[in-house]
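All remarks here apply to the structure that follows.
Chain nomenclature is as follows: A, B, C and D, assigned in order of appearance, with residue numbering initiated at 1 for each chain independently.
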Amino acid sequence: MKKHVHYADYILKSGRLLELQETESEAQGKPAHDEKLFVIVHQVYELWFKQILHEIGSVMAFFEADTVDERQMELIVSRLRRVTEIQKVMNQQVEVLETMTPMDFLEFRHLLTPASGFQSLQFRLLEARLGLSRSQEWVRNLGSDAAYAELKKAVEAPSLLHLVDLWLSRTPFLATSDFHFWDAYQSAVRTMLADDRKVIQSNETLTDEKRKIELKSNQNMQTDFDALFDEGKYGQMVASGEKQLSYAATHAALFIQLYRDEPILQLPFRLLTSLIDIDELLVSWRYRHMLMVERMLGLKIGTGGSSGAGYLRGTVLGRKVFEDISALSTFMIPRSALPTLPEAMHRRLGFFHTYGEKE
Amino acid sequence: MKKHVHYADYILKSGRLLELQETESEAQGKPAHDEKLFVIVHQVYELWFKQILHEIGSVMAFFEADTVDERQMELIVSRLRRVTEIQKVMNQQVEVLETMTPMDFLEFRHLLTPASGFQSLQFRLLEARLGLSRSQEWVRNLGSDAAYAELKKAVEAPSLLHLVDLWLSRTPFLATSDFHFWDAYQSAVRTMLADDRKVIQSNETLTDEKRKIELKSNQNMQTDFDALFDEGKYGQMVASGEKQLSYAATHAALFIQLYRDEPILQLPFRLLTSLIDIDELLVSWRYRHMLMVERMLGLKIGTGGSSGAGYLRGTVLGRKVFEDISALSTFMIPRSALPTLPEAMHRRLGFFHTYGEKE
Amino acid sequence: MKKHVHYADYILKSGRLLELQETESEAQGKPAHDEKLFVIVHQVYELWFKQILHEIGSVMAFFEADTVDERQMELIVSRLRRVTEIQKVMNQQVEVLETMTPMDFLEFRHLLTPASGFQSLQFRLLEARLGLSRSQEWVRNLGSDAAYAELKKAVEAPSLLHLVDLWLSRTPFLATSDFHFWDAYQSAVRTMLADDRKVIQSNETLTDEKRKIELKSNQNMQTDFDALFDEGKYGQMVASGEKQLSYAATHAALFIQLYRDEPILQLPFRLLTSLIDIDELLVSWRYRHMLMVERMLGLKIGTGGSSGAGYLRGTVLGRKVFEDISALSTFMIPRSALPTLPEAMHRRLGFFHTYGEKE
Amino acid sequence: MKKHVHYADYILKSGRLLELQETESEAQGKPAHDEKLFVIVHQVYELWFKQILHEIGSVMAFFEADTVDERQMELIVSRLRRVTEIQKVMNQQVEVLETMTPMDFLEFRHLLTPASGFQSLQFRLLEARLGLSRSQEWVRNLGSDAAYAELKKAVEAPSLLHLVDLWLSRTPFLATSDFHFWDAYQSAVRTMLADDRKVIQSNETLTDEKRKIELKSNQNMQTDFDALFDEGKYGQMVASGEKQLSYAATHAALFIQLYRDEPILQLPFRLLTSLIDIDELLVSWRYRHMLMVERMLGLKIGTGGSSGAGYLRGTVLGRKVFEDISALSTFMIPRSALPTLPEAMHRRLGFFHTYGEKE
């Protein structure tokens, strides 16, 4: 039988939720007004982390299954999009914390040393589950052995990046008897690179030094493409950690983005886009957070004993989780230059049956 | 041969863009500082309107074609989602205009009488193209016969709402030899309504008066459902203007939302969601705009001679364009209660070929 | 001696925060994925409510004191501005909840009947403390006698609106021996109203019916002004509940807005603006919330047994808390028409000493 | 006599505004749908730049005058806050541009080579007027001699940073007969630095290497403080370009932030905060823009022939305009440790007359 539910029990868990905001300064009998904001803002972050982990976990479960049913793709993409909506709120939320001035922070900052946001288990779990490769140094000081064990497990388990890689690698349409995408793609690519070189060499506004830099950059792209076209070279980049996406997955991810209009690729395309969105919002949040810390502390050391702003600056421009996917735009060529898919391939990528035709 | 393009030519059209912000108070030799903001904010709105019309127009062109190719669905949905991103920026932009205080507005308000935002041809075109049914009274005072003619044409041409209705009405899967969705759906619905009645009758917190109101509301739902199940009744609601979505389209839109996981329905589901998003953001913008006008003018008459705030209040809670689609949530029933689709139907709604399976 | 604080203890209260998100569907052994979002989104709202109550409470404490020290004005305004930043995040957050589709909501909706957001004690406390006059009917069903008692106390205690009214009423500069603001103000106002009447009568685009409406609106303004200029009439409007701001406070609030550049009025002006901002964001949030409920439920009854959308529509355009302050823009006249303050008055409104002068 | 103004003339300048969105691909007879978005988004940016320059220009005019009247402070701060509201919209707007996929960009990208956003005169003017010190290398390729001349003039004229510096330097309250802020401040500061050193030395979670880094950072702070306390050293940092804020202005800016509650310092405090906000939003916009370019181009060269992403990465973490002001949080000490101002000083920093007292 259905029981009678009251909001105070259902949401607030009989009031327990609202008993957890006592501040350290209150506990010590000298309340610092803004410490309440500091605690609540971080508690809200933790609730959002929990929700994000809930969504990411459910998406990973789909990819861990033996088959990823096409009927699940819309749901998967929706849940990832929900993650990005949460991230947007989290980014907006930095402005709330910034209503606290450096002077107001100083009123209670000494009380919370050496606690630090870096100690948030959930945030570290999120990074690990997404697939951020992080030096082991940071897997410490989580406050308990249980927390350490949980993070270790997450670091060692397959990440979302890894699961998506496996799924991409299983894409069946890349090499069929009637379609040799790779050949046409390679030749089109070579034309583009040569064109770029011409642009650099004929651009009169460049100084000699700049031109040298640009040609070097073009050379680097050539190197990247060579790796893309040379399984051995690419493998070395994977081995060295320079690339994280496997050779097969890279090809599939490119294929999906180049031919995203084909019905069976439409949701996979949205999936890849959502992963890039998540990545971008995550680094944006780190960046906004860094600016906030700089503003609050200047050059002071962080509460955890680390030179807050300094450390943060170092991480902000670090590697993104799905960088190998977003960097695929490097390898894109204009639609007009794409080889046309043969009719049989079209059929293979379409629906069993269509609708929407006028009679 | 490729010409050399400079930003000042390409974006600013050789500077012409930045020559158009002269204010009336400047023209009269007594610059009112904030009039510049007023002009620029409205110019930005007009640029966004132009972009939205560009997107809506391209989507309408897809639906006007004899066939809506499934390969275009992702593009259609992406363009509608772009519209919503623009709308979010437009909503945010109200906060910029609100940095102008009522006193600052008074410095130049008298100069622009009786100009009014209601005279924006592009906004009226947007409403017309989406399909907002609007009394003819407002099709006036657009400043020129050409503008009037353009709006008249848009009002008389098929709207996006109409085109989507036609497309929905062509959905082929609703009635097949092995699947009678309608029967199962009707019986499930009746159970739900009966349950709701029980909730109302047993809810002790309701006063007698409230209970009466609720039961009336339940009765109204019953009436709506009766119309849904009775083509004649529904037709009367369409004839009276109470409903705008046709009988066939309503069924298809429901089907899509109830079985959105089926591959061929995933993008159509996104399409419907995007239309609802656009509607919601549009009324939100009107609402924010109304609050801003109230704040600026209080009870003063608007520059166009209308009692600004009063008129706005009247329109804010008016009919949405795609209200018949969003109101379909009235008719939804829990997934667990949905009739299971037969295997043949599953195949019909799926891809010709699948991928993503583990070996 | 300073103790060693760990993030897990400080923010998560030794993990207790993250134990409170169990859902009803999980408790019953059939987890509905999206119920987690529903719970967490509402918990986040409750945390924000707590923070807002913290800020509003501290601001009220300043106004309850015998003297509001000018040195506290910046702090007061900053805290109110913090409230608006939180409200912006709360408004943005509606988009997170809207990633839940009506079908997903149906998976667990029946489990939470008849819990309802209207039962949130904190939200009701917030409304009461700000000063929203609300019929007694809603002061019920808060789940416990203690909650009822707390709300009753808040309803009966002086609200922020009331405290600000008292503070405004104490403004000392309105009537001095050398300055008769009220006379000049009245005559300037009468000129403006006459001008507006001319605009209406000469506006050819108005139908006769419209013109009648506008003239009625102008007449209403005249009535409002008459009340402003006639203490007896104004008193009747206060007595009938049509106005909530006292006669003296209304004059002061107008004075502050008209002469906001005078140093001693700058922060009071910001204060009034912040109150209007809070009001506007609060009704915007209700409006967004209403749209979300309509989208989720259509015409279904709310979980609390009320016709959700119907009830919400009724409240959305209801009275704002600080409406009498924002409506003062009705009574504003252009700066050019304002009487010039005498030199002695300038000095009275300025700083003891100035800085910033070039030598 | 008042003329009759129509929206189409007033906002659209007789339609001219909407004639300027033709794209290069349209001009060449092969319209690329998304180029319209590209053009319009950049035109909107330019309109916002124009508005920001309008506000910044008006603020600079106030500071260029012989005296900055305290009565203008609220207006100055409001205009700067308006700039930040515009910046928030501009940041949000990046999400609109990101609805364009890399493949869609490729459809028209070749047509606009070598146009580049770096060629926006208005953006360069904005940087120059704010006071961003930029190597001369970039003062080129603005498309015309007139543009070059205008930027050169802006670079050579006093910037907002410079004007604010002069204004701060005139602050009269720092050294009076009865108040020696500097002595007490120095001793309090020294205590804080010593405490930080102890935290580092006793923090067991630090590796030896980390500890060394932290101590170095502490040493750097000591150096910064030494410069603050030693006019000669500070002067060298200014001479070398390491610091941009003058010695006197630095002291005043610190004083304002430490004693921001004093009435005459409340608006100056808001002013400094607004400058920091503008800075932060400007670098955030650059960062978001960089992420967008990376996503769009990967490692491809930018349309202007520069390695877009690479160059952008270099600038993103570059110097902020008002960095010396925001970095003052380095030098802040808790309120409890601040020397109490003598009564005479309080009077000096307050209003001539007060209000708000209860009788």
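Brief remarks follow.
In this section, contacts are C-beta pairs under 8 Å (C-beta built on N, C-alpha and C of every residue); 3 or more make two chains touch, one makes a residue touch a chain.
Here the structure is a predicted model, which is why all the values come from computation and not from measurement.
Here C-D and B-D were compared by C-beta pairs in contact; the pair with more is B-D. Averaged Cα coordinates give subunit B a centre that lies 29 Å from the centre of subunit C.
Subunit C and subunit D have CA centres that are 32 Å apart. Averaging Cα coordinates per chain places subunit B and subunit D 38 Å apart. The set of subunit D residues touching two or more other chains comprises 101, 110, 113-114, 260.
Taken as a contact graph, with one node per protein chain and an edge wherever two chains touch, the assembly is complete, since every chain touches every other chain. Of all residues in subunit C, those touching subunit A in their complex are 2, 4-13, 16-18, 20-21, 24, 33, 36-37, 39-40, 42-44, 46-48, 50-51, 54, 58, 78, 81-82, 85-86, 88-89, 92-93, 95-96, 99, 101, 110-117, 119-122, 142-144, 147.
Partner subunit D is touched in their complex by these residues of subunit C: 66-75, 167, 170-173, 260-264, 266-267, 269-270, 347-359.
The touching residues of subunit B, when paired with subunit C in their complex, are 101-103, 106-107, 109-110, 113-114, 137, 140-141, 196, 199-200, 203, 205-206, 210, 213-214, 217-218, 220-221, 224, 257-258, 260, 273, 276, 280, 283-284, 287-288, 291, 294-301, 304-307, 310, 313, 316-317, 326-336.
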